[in-house]
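Here the structure is laid out as structure tokens; the discussion comes afterwards.
Labels A, B and C are assigned to the chains in the order they are written; within every chain, residues are numbered from 1.
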């Protein structure tokens, strides 16, 4: 972390309310946050804690009921389509389910072509476009020439998610919101996805906001962690602080209930005497 | 060595897809389960672990078809029996199954006690209401479930409570084998712990003699079961005790699986995640030879040719690889030193 | 995509429906080539001619060659042809009554076989007499029996018929030919014959020809109405489902309005309001389309609502695509199969609606072109069902049933392919 930390995304009193009257539900309740450039921030919460609603608000896909979001130090204004496009040049997302992230009726290269067009490459010669796509695919170790004529459903979940990273590679946003990008893919492919995400962060120097329900994963990847419960941040701080010395009761409870290897649950049959060592 | 409760020998079952293609989702699976022990089945999605769970019940319906092999529960072979016979005399008393979304299976218009009456009456038609109620009350008491639950409808219960109630209902007849297929993956971690605690209690109190627990979450599996069995492409690739499997895996695939575990514990940030490139083979036309050879770092040319058998190393430990235990250990040590 | 096409061709239901429709359309296209001319031309001067082959009597007398054939059954055929079954019943009735009154044995119901014409005639000649007054027989019946008797006598007169021609110059009749009982002509050599497989209708128009062109017209009307209904339903459904919020509320209000008013009554009212003069085929098709889009809109809306939250739509938004582009590229393909199914059903409904409207006289007002509904309407107005002229309406009913059956079969077949829950096995 550099000394002069720049604020890239922050919020004050951000609130989202669904419905009205008796059916009113508060999904995100008056949260404040400050995300700094270059960090990898994890937002950890269980299902229903409002983390997906929060990132949809950050992305500008749903309206904010109350509060202000500041992007790069300035108040966000995405009312017009032009402003929205500009905002989305700076902030992008990878979603949880790779299978629903693709339009199964379009070939794979349209996804990448859209990105080039969005970054002002609409008038590039076709050769240059192909070169850019090839570079993006090779970044995530996919063979572009094998991909061009394929449909998304011909790929595996891991490959799809890697292609999503290639998309981000082309878009080069300042902030990436990753909504559980590894939860739908197998453990063996998970490491690959994380590797590419971290490599991409170093390559284009972006901030990653990582949304997950998995404490272990959050601890492994992130610099700072926000714990979310029922639409509120109960605790935030550096990963080591939060995971190893939790202060809030909710975090303590959560960490206590997560299955662990070195310190299994008190009733587990695999609690070992201290001396049994690992290989 | 305890009494063997469940003995599976060369079980093979297949799915028929809507294009009439055969998918052998469980291919020649053999294992034994002793009284008082539990075994966990781990593997990637699509490796056949859920199909194995369904196949073990001996109750087959389209598109799942029985092909060959034996399932022997406490001396009784339950394969090749009439489906109605299996439903009446095996399910519930010999073997019980809890699917992932079990809690959604409760009819919301009926009280919990009615389900218990149904289950008991299916096997003892003459059981009186009072007897059943007493049985249910006692069972709920030892499992730390409030008695008032019996008089509630399923909609009045939280997700974790519903799942625990369903487990209590399906084990009311004290089945010999309980198969739990991801019973806690739809729940939050606190409810998950409660569900696991209850399964543990059922084992400790002897209501179920053995348990098969299926999940893709390895840290959870380590906390639940005595043994762990890793499946890959419809086959068992390695089996051993939980400690052996987590800290000393032999098969390269198990090694990769264990290396991809992430837990929020001290030191977990420093490990290097192991990634296995590639994807599992298509089960419609599995490769000859070792099914993992395509993705294996240590694969030799002969791996793709010879059929690899499952070999027992010691009691309750075995793996499926052409290399011997020592050769594998050497290969891992060499890699570690680099 | 390819696999789905393969499945479609493998679906027995869809293929049965498709082949039925294909055969019907092929018939509509090919039949006029063999039988050209205006289908509404009145060829018959009279109402409801039976199905059959019509041969010009005049021309058959003037054929160049006549042939002498000795058919063994000729006499019997002639009797069969000229003595109808009703006549034979009347004859038997008289014989039984006579037997009872006069005490003649052998004249009971069981002993008289109306199918054995020769035996019946033998009994008739033996017993029939005008001298005996049968008690309890009404005068009309008595006269009928007398008429039958005189006809029976004439049947067996197989003497030659002499043909005479009036000569205008001399003012006399001149014999020009003799027709004997064994004279035959070849039907191919008769200049004027016509085969009317389904007879003629109330205005003497060839029913089959009319039916073929009416089926074509009804299908086209169904297609127009289906296209209109699908376009309106698709647009409203897409907008309502995708935009949500206030737009959805307003559109849902309109949907509900259209749902609660029974479609057929709306159809009748609109048709009536347009007035007879304006009701052409196209107008009626449009009216049907405009009143039947609401179900398409509702189902498209619900499909789009679930699609709206799919991540690929969100990603498309994040890529800065405009609303029409997202709708066309990312939403429409997902509901295409559904829309095709709804369209097929709309066509079938529209054909039925047209038939129903025309039946009650609110269909297209035209004398140029028949539709299935109009044919039913004409048959009903001229009492075809009362006269027993089944050929004027039963074939129409069968065609309507077949077309809508085939379309529904296609719809069900597609439904089974695209909706995994309904898949068999």
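Things to note:
Here is the rule we use: a contact is a pair of C-beta atoms (placed from the backbone, for glycine too) under 8 Å apart; a residue touches a chain by one contact, two chains touch by 3 or more.
Treat the numbers as computed from the prediction; the structure is a model and nothing was measured.
Using CA-based centroids throughout, the chain positioned farthest away from subunit B is C. Two chains share more touching C-beta pairs than any other pair, namely A-B.
Averaging C-alpha coordinates per chain places the centre of subunit A 32 Å away from that of subunit B. If each chain is reduced to the centroid of its CA atoms, subunit A and subunit C end up 66 Å from each other. Among the residues of subunit C, none is in touch with two or more other chains.
By the touch criterion given at the top, residues 46-47, 156, 158-159, 186-192, 194-195, 214-220, 239-240, 243-244, 253-255, 257-265, 267-270, 272, 276-279 of subunit A touch subunit B in their complex.
By the touch rule above, subunit C contacts subunit A in their complex via residues 310-312, 314-322, 329-330, 333-334. Partner subunit A is touched in their complex by these residues of subunit B: 44-45, 188-190, 192-193, 196-197, 200, 216-220, 222-226, 242-243, 246-248, 256-257, 259-269, 273-277, 279. On the subunit A side of its complex with subunit C, the touching residues are 59, 61, 81, 84-85, 88, 92-93, 95-97, 100-103, 105-106, 114-115, 118.
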